Structure formats: C-alpha cells, structure tokens
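Below you'll find a set of structures to go through.
In the two assemblies presented below, subunit A is common to both, partnered first by subunit B and then by subunit C.
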Partner chain A sequence: MKPQPFLRTFVFPAALCALGFLAAMATVLQYSLRAYVPGSLEAGELTLDNFSALLKPLYARVFLDTVWICFLTAVCTLIVAYPIAYALVRAQNRLIKAAILIIAVTPLFLGEVVRTYSWIVVFGNNGFINSALLKLGVIDHPLQIMFTSFAVITALVHVTLPVMVIMLAAALAHIDPTYERAAQSLGAGPIRTFVSVTLPLSAPGIIAGVTTAFAWTFSAFATPQLIGGGQVNMISNLVYQLGLASFNFPFAAALSVAGLALTFAILSLLRFAARPLEKFGPH
Partner chain B sequence: MARSTFQRMLGIAGAFAVLAILGFVILPAAVVTLAAFNDKAILAFPPQTWSWRWFAKAIAYDDFRSGFGNGVIVAGWASSIALLVGTTFAFALDRYAFPLKRTIETVLLSSLVVPHFTIGLGFLILAAQIGWARGFIVVIACHVVLVLPFVLRSVYVSLRNLDQRLELAAASLGASPGRVLVTVTLPLLAPGLVGGWLLAAILSFNEFTASLFVTAQRTQTLPVAMYNYVREYADPSMAALSVMYILATATLLTLANAYLGLGKLLNVETRR
Partner chain C sequence: MKRLCFLAFGLGLLLLAWPAAAQDKLVVSIWGGSWRDLVAETVAKKFTQETGVAVEFITGGTIDRLNKAKLAKGNPESDLNFTTSHVGWLYANDDLYEQLDLAKVPNAANLVEQAKISPYHVGTWAYVYTIGYRPDLLPGASFESWADLWKPEIKGKLAAPDFDPSHIIVVSALLSGGDAAQWEKGQEKLKELKPSFKAYYTNDANSQQLIANGETPVQVILSMNAHHMVSQGVPIKLVIPKEGAVLGIDTIAIMKGSKKVDLAYKFINVMFDPAIQAEVATLKKGSPVVTNAKLSPEVAKLPGVFSSPEQWKSQAIIIDHKLRAAKTAEWRKWFAENIMN
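Moving on, here comes the complex of A and B:
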C-alpha cells in the first residue's frame, strides 16, 4: 500500500461538510413526517397527513405545471445553447472565442434577482417590448407579457443557458476533429456530418446539460415568483409561501421532499431513456 | 462548386443564428442599462431625460449597503472555507483510497442537483432547532455546501492535469511529503485554486434562493435586499444597481479569462 500522508487531515473537513449537509436534509425529511402546530415552529407528532394533503388537486396541479415548465425550459435551452457552444468551440479567432465565452457565461454569475428584474423591465407594460411595439404602431395598447408562462420560460431559458453552453462546449471540445474530416472526405455534406458524427458524439454533453437545466429550473424561485406573479406557480413558490410566510415548516418540508423525489425520478428516467444515445458517445 | 456556395450560406446562417442568440443573452442587460439612466421614476423607452441620480440613490440606500457588507463577509468566509475543504478533499480523492470515499463525494456533489429552496429550508429548520437562525454561521455553512462542488471540480481537474513526475523528482531528492506539497504541488495548482476560489466567491455573493431562507434581517445579503426592494418599489434604483452588478461581474470574468483562462477553468477547452 502506498503511503498516504495527511489522509485524515484531508478527509476530515469534507466529511464534516457532508455530515452537515446530510443533517440539514435529514431535518427536512423528519419535519415532513410531523404534524403542524399552528403558531409554533416546533412540529407535532408523527403523521403522514402532509403527504396525503399533497394529493389535493391544487398541489397536484402545481407539481404538473412545474414539471412541464422544467421540461420546456430544458428543451428550449438545448436548442438555443447548441449553436453557441458549437461556435465557442470551433471559433478560430481568440478574441471572438473570448467574447462568446464571456457573453455566454456572464449571466451565470449575475444571480437570479438581477436577471429576473432585467426581464421585468423588458416584459412590463411600460417595458421595452411594449414600448417598441407601440412606437412601431404594431399594437395600440400594451400586451400582457408579464405573468404568463411564456415570460417565465423565456427568463428561465436565459437563466439555464450558460450552464448548458458550458456542458455542451465541454463535450464538443473533447471530440476529435479528425472524425468530422473523415466523414467529409468520405463525401458527407456539412449537415450529414453534423447529424451523423458531431451530434451523436456530443450526446453525453446533451444529457448532462438537459438534466442540469431541468434541476436548475426546478430550483428557480425568483423568476416564477416575480415574473409569474402568482399566475404561474412552481413548487419553490409554494415552499416559500408555506415555510416563510405561514411558518408551516412540516408542510413546506413535505413539499420539498416530494419535489426532490420527483426530480430524482425524472432525472433517472431521463438518463435511462438516454442510454441508447450514450452508446454513440466517446468512452 | 454548388456545395461550396451551399456551405458558405450555411456558415452565414449559422453566424446569424449565433449573433441572434447572443443578442437574446445581452438584451436584458442592455435594456436595464437604458432604464437605469432614465430620469423619471416610471419606465419609459427611450428615456426622455437622462440622469445619474438612480445610481446615487442605489449607493446611498441602507439595505443595499448593509447587504453588500454582509455579502462580502459571507462570500469571503464561505469561499475560503470551501477552498480549504475542496482542495484537501480533491487531493485525497485523486490520490488516496479510504472508506466512504464515493459516499462523501456523492453527498458533496449532490448539492448541485438538490433544489436550493430545499437546502435553504433544511439549514433554516436545523438552525432554528439549535438557536443559530439569526447568525452568520448558518448562512456561511449553507453557502459552503452550495459552492463546494465548483471548487472541488476546479481543483480536481487541475490535479489531474498535474505532472506527478515533478513531485516524484522532489521526493527522490529527499523532500518530505509536507515539503513536496508546499513547494511543488501547491504552486503548480495555484491557477486552479485561485480560479476555484473566485468562482465560489462570485456564486456565494450572488446566491439568492437559499439565502432568502437562511438570512435574517441582520444578515441579509445583497440579492435578498434587492429582491425585497423589487417587491416594494418600482423606481430605477434597482436598474442602476443591476448595471453596477453586471459591469463588476463582466470585469471580473474578463480578468479571470485573461489571467487564468476561463475556458480551461470551465473545462470547455482542451489543452493544445
């Protein structure tokens, strides 16, 4: 056995962090199984009522909406991100490369609030789009863009775009360009080369990107809260309302647990469905 | 001949698509910048009169000031702790065999896919139970868990790319394991460490959803203060603050790209 200097010192802090994280998750799980005592932060006796309450049509509806919004966002993000990732990896000019990278990645580091606020300015009744359309005479009274699923999904695509670009670009960057040249020298046109060589080889990046986009959208809070404005509700908004507005920690916890279970179920389903695709990918 | 014209058209169409998408990415930032210089309190495009006054108001606003201060405290501590934990663990992960190796790794990386409102709620209830809900400790602990995967990944990738023969050479010349670590391994890892720390600090400073759950009035960070402001007021102070935010972030990233190679940091570039 090789000597392993500092092993304990190196692993201990990480183990402590993992333990803290697990403790927080265990608390959520534990609270989800306890009764709500109105007016108190303490939870009552063990019960499954929180979970049976989730089956009410009101909550079931929010769950379905959330999954649908996450799905649409992930697919739209993939379509929008692919050309950017491709251009980023294939650009020859270093300046163009750096510009694409910085423009595509900066939103990732702006945080949800700044981006959401910016979209409010774009979509609002006095906002950019409505002002522009009114000036051009396309419409004579402002369109209601805020508080629609369209607005929420557009803003969410903007939020998940950078991660998707990073993951697709990572996959594309690791494809050996000789494969594409080989296809072309054998007479394949640019579209055929892309569809039958580049696209399948980037499958691992697509899968990683779509699953991450899905999970991130599921996690989004400020965007559906401010742009959805109560008209478009996601699980995160319900958890917040119940947890921080009415201090019903047990029910908020049950929603979180159900949401978490749902994300993991869908993500593993996605991975499973994508397995035949992945066979094409590099190993 | 036909193919080359076709290819050129395809290239032009692709370039337009890329430009259009980049336009979509920039649009909100550009629109917010316009709004920030509008003299009136109500949005109007294009602004009739221009002014800097919303910038002055945003800078003078108490909640933004304390939020900025709190954010610096939280991001500073969280990213530094995450750097320490992430570096040591990435090292152990790369070089050593120990019990529960994969389990600890999976738990730490899973904060990437667990919704932030769940993590925030967990830390909030946990902190409420032990009476820490109003302090910085819970905010920092929560942020460490959130940014750790990014540091871990950045350091791990640098470790993988490190030429271990340099360490062997130092060891064969009689350097102790500690000396090898300090004089060979750490200096070679420096770009990865700085990059990982910077990434963690920026992400922590901007973390909103989890922060909303774990911060109290006294520990409120800037994104939480901004969220509360957007809910209550509609004047362009928020636009002015957003512009400062966007400029600061873009500058930091441009610097990071110039000195550290953002592409390598994010693993989107292969070494040539």
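Moving on, here comes the complex of A and C:
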C-alpha cells in the first residue's frame, strides 16, 4: 500500500465532527432515558416511561402517517424528477441544458420555509388555485386544499425535487447512449428502449434517489407545520409540540430516538428490497 | 525583526482594547424582529443616552434562548433576559436569575401587582389572548362569552396556538366550574370544541397570515397581533369576553453571574419609566405595567390594553405563572393527544 501522508490530515477534521455528532447523539439518548420534572429544566432519574408512553395508538398513527407521507413523497418526486433529469442529460443544446439545470436546482437556494410559504399562497382559500377556479366558474366556493395531506405532500415533493433531479441525472449520465441506439437499431421503439434499457440501467440512481428522498422527508418540519396546520403531523412536529415547546426534553429525546430507529429500519428494508435491482446498472 | 515587533505591538493593543470594549456594553437577550426593535428604539436608546453605555442584543426564540442560558449557567452570555412570565419561572427554578432588589429600581414603585411575578423576574408589558374574528367573513357573528366559540356556526373556522394551549384549556375549565389547577374539569368541554378547529398556528406570523387570508376567520389570538393586523388594514374585531381575556406578561430579569448588575438595574429602571412604558404601549398596543404611564385615548380604549386597576382586575384571566410553568408539558401533551390528533 502506498504511503498516504495526507490521509490523517484530511481525516482528522471529519473524525472530530463525527465525535461531536456522536456526543450529541449520546446526550439525546441519555435524555430519553431520564424522567421529566415539571417546572424544571433538569431531567430526573433513569426511567423507561418516555418509551412506554410511545405505545399509545396516537403515536403509532403519527409514525405510520410519517412513513406513508415519506413514501408517497419519494415516489411522486421520482415520477416528476425522472423526465427532468432525462431531459437535462440528453438535451443536446447547451442553453436548454443550462435552463433545465437552473430551473431544477434554483429552489434549493430559497430554503424550505420560503418555498413552503409560496405554496400557502397557491393553496389558500384566496390562493392562486381557488381564485382561478372560482373565476372560471368551475367551483362556487373555495376548495379546502390547505391543512390536507395532499398539500403537504405536494410541497414536500417541491422541496425534494432538486436533490432527486441531481441524483437521477448523475445516474443517467453514466448510461452509454450507444446502448439505447443499439436497442433502436434492433427494432425497439422509444418506449421499449426506455423500459428495457434506460430504466433498468438507471436503477441504482433510482434506488439512491428514492432512499435519499425518503430519509430527507422524514425530518421535514416547516412544511408539515405550516401547510399541515396541526392537522397533518409528522414525527418532527410531535417532537416540537410535545417535547421542545413543552420543555419536556426527555420526551422529545425519546420521540427523536424512536424516529431515528424507525428511519434506520425502513431504510434497511428499502435496501433489502432493492437488492434484486442492483444487478442492473451500467457495466 | 522590526515587522515582528510592530505585529506584537499591534496585537498587544488589540488585546488590551478587547476587554475594554466588552465592558462598554450591556448585553440583552430578547426575541428577534419587532421585539428587539421595540426595546432598541425605546428602552435601550434612553439607557444609552443616560449612561453612555451601548446595548447589544442577543436574539432568538424562547426555547433556544432558554437552552443556551442553561448551557452557559454561571457564565451567562447576556446580562438581562426577556422572556414570558411562566418560562421565567423555568429560568428561576434552574437558578439562572439573580434575585431582584426592587429598591434599586425607583420606577418599580409604580408597578402594578400583576407584574410582580417572582422575586427574580418582573413584567415589562402585558397583552391578552382573546377572541379575534373577521366580521366581514362572519357576518352577524358576535362573541359575548368564550362559550360562543362552541356555537355550531364556528365549526371548521377556528385557530389556536399549537405552542401554548393553556388559554383554551383554562377557559374550558372556567366554563366547566374549574380553574387552572382543576383543569381536568374542562376536558370534556374542550373535546366538544374539537370540530371547530381548522388549524393550529405555530407562531405570530402564521397566526397573522391565517386570519389575514381568511383561512381561519376566528382565532384565539394575541391582542398585539390583532392590533397590528388592524393597522395593516385587515378588518379584525377583538373581543374581551365577559369572563375576561387570558393575560400574558413578558418579563425581564438579571442573569445570575452577570458582571454588570448595577447597569442592569439602571436598564430595568428605564424600562419602567412612565414615558417609556407609554411609548411601548403606543407602538405595540400592549398594556403598560406601571400605574403612572399616560396613554393617549385612542390607545387606552383598545381591547386588551389595560390602563386602570379596574381593567386589570375585571378583564384579565390570570393563570398563575408558576403553575403554568409546571403544567405546560402536561397541558401540551393532553391537547396534542386529544384535540390536535
């Protein structure tokens, strides 16, 4: 093995960050095992009460709702992002490529809160959608779009889209176009070429994108908080409502630990389920 | 060699100047945005004029600043702290505050009783959480009592804060023959209100946005927010129900370990200057906490602005601040489990 004198120099800062991160996680875990003392900022004695409180049906429902919202967001983001990523990679014209890239990536610069507020303007009773439909005479009173799962998922898809586009574009860029040309030269039409060649070869990118979108969405807070309006709650909203805003830091820690454990479990399942697809991908 | 000497000299000057600069300012911890601006443009300005000492602000949310203060215990980042009355008890219970000697604050002689929260923190201005509604979106509606929120026509129109359900919990208890300590008496009544809730707002901006665009034409709303929206042209009517409106008081305290305690007392004294209290009330439409503040008739007549002892007694529902600090988590949990989800 070649000597790598700079390895320690480069690894050391990352190792320090990892140590800090582990220390923070250990603190959260320690807090989750301590009792809440009303009116005090100090946690009490060791207890499992915080975790046993999570066995209530309400929390199971919120955890399941979170998983379902994350799954739907990941799938919808994939459906919307794939054509954008494909166009980005396959466009011949540089200007068009640049325009697609800017449109896809620019939302990242705005931040989640700004993007969420823009959706409130679209979905509100006096928002763009309702105003347009009322003016066109399609409806005679505003549709209730805000404070619904549909609104939350739509906004989350918008938040997650740039990341998915970038990941899919990276995967699609590694697919040699000659494979598609070869399929077409053998008589496959565009759809068959896509389904038989392009889609399977982009499987690793799809898996990475969906997994990332799922994990990214799991920690969403501002979007469900503002657009959900307390009617659509994810785990992070519960951590805020029942933990931080109540100064019940031990329970907030327990919710966080449970959420993290669920994330690991779901991602492991996704990884296991996606194994058969990993044999595809560029050779 | 010469360069090294000059560098060392310059560094030495810098190091000498640094602690001196730190001693020339008083650090105040407060919420950001308009709250920081309010204190900066009124209290801090006069304080600096009188003492020649600059004021620096550390801003952040209630919980963030509480956490930071806890972590910095004994070596506080600020000399003074603004927070809500019940959260102030959390600071006090964790030994983060100095015990106040109000004899060092001459203007505190005119403090209303309701502003004397604890031996450690005192009120700076007051407001209420009460019923605010859009008469243009609810024609013919009237709210004489908190019980009117339970009317069938309010179904799916109401919003309340998700960060603090204490107001509606205590109101439900009062309507059911209980009070803050016996809040369980109001649980069934509050469950009956569940269909009326359309949304729960997460902060002041969210509250203002929801009522301004008509999403939730009725709210349990902070009076200052309602008055601000009215000044922006949003037609909101604020009501003080016959049972009273739930009082909220923001407070000030000196952080334990502050090295500028004398200056901190002077700042507090400026805070209670009647002219400053009147200015704060005019700007924010909150209640002054001193009896000798002179308010203009337009401000004094605003709902939720208490300018007389009778108003403090008859129009305010006061939740014991220490009880509230102890009960907040329990109330939040019950509200989230039974009403919000």
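Just so it is clear, the second predicted complex is superposed on the first by the 271 of 283 C-alpha atoms of A that agree within 3 Å, B and C clash if a C-alpha of one lies under 4 Å from a C-alpha of the other, contacts with A are read in each partner's own complex, and residues count from 1 in each chain.
The criterion applied here is as follows: contacts are C-beta pairs under 8 Å (C-beta built on N, C-alpha and C of every residue); 3 or more make two chains touch, one makes a residue touch a chain.
Keep in mind the model is a prediction, meaning the values are calculated, not measured.
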item	value
Overlay on subunit A: subunit C relative to subunit B, clash or fit	clash
Winner by number of subunit A residues touched, once subunit B and subunit C are compared	B
First, second, both or neither for A:L226, with subunit B first and subunit C second	both
Contacts of A:T263 with subunit B and subunit C, given as first, second, both or neither	first
Partner chain(s) touched by A:K56 [first = subunit B, second = subunit C, both, neither]	second
Which superposed partner A:I166 touches (first subunit B, second subunit C, both, neither)	first
Touching partner for A:R115 - first (subunit B), second (subunit C), both, neither	first
First, second, both or neither for A:A252, with subunit B first and subunit C second	first
Partner chain(s) touched by A:L244 [first = subunit B, second = subunit C, both, neither]	both
Which of subunit B and subunit C A:I84 touches, first, second, both or neither	first
Partner chain in contact with A:N126 - subunit B first, subunit C second, else both or neither	both
Region of subunit C that runs into subunit B when the structures are aligned on their shared chain, from 56-64, 164-172 or 290-298	56-64
Subunit A residues contacted in one complex by subunit B, in the other by subunit C	41, 120, 124, 126-127, 226, 244
Contact set on subunit C toward subunit A in their complex	63, 66, 70, 87, 89-90, 93-94, 159, 162-164, 197-202, 206, 209-210, 213-215, 322, 325-333, 336-337, 340-341
Subunit A - residues contacting subunit B, complex	3-7, 9-11, 13-18, 20-25, 27-28, 31, 41, 80, 83-89, 97-98, 100-107, 109-122, 124, 126-128, 131-132, 158, 161, 166, 169-170, 173-174, 189-191, 211-212, 215, 218-222, 226, 235-236, 239-240, 243-244, 249, 252-253, 256, 259-260, 263-264, 267
Subunit A-facing residues of subunit B, complex	3, 6-7, 10, 14-15, 17-18, 21-22, 24-29, 31-32, 34-35, 42-46, 84-86, 88-89, 91-92, 95-98, 100, 103-104, 107-108, 110-119, 121-126, 128-129, 141-142, 144-145, 148, 177-178, 181, 202-203, 205-209, 212-213, 223, 226-227, 230-231, 238-239, 242, 245-246, 249-250, 252-254, 257, 262-263, 266-270
Complex interface listing, subunit A residues touching subunit C	36, 38-42, 56, 58, 61-62, 120, 124-127, 146-147, 225-226, 229-231, 233, 238, 241-242, 244-248, 251
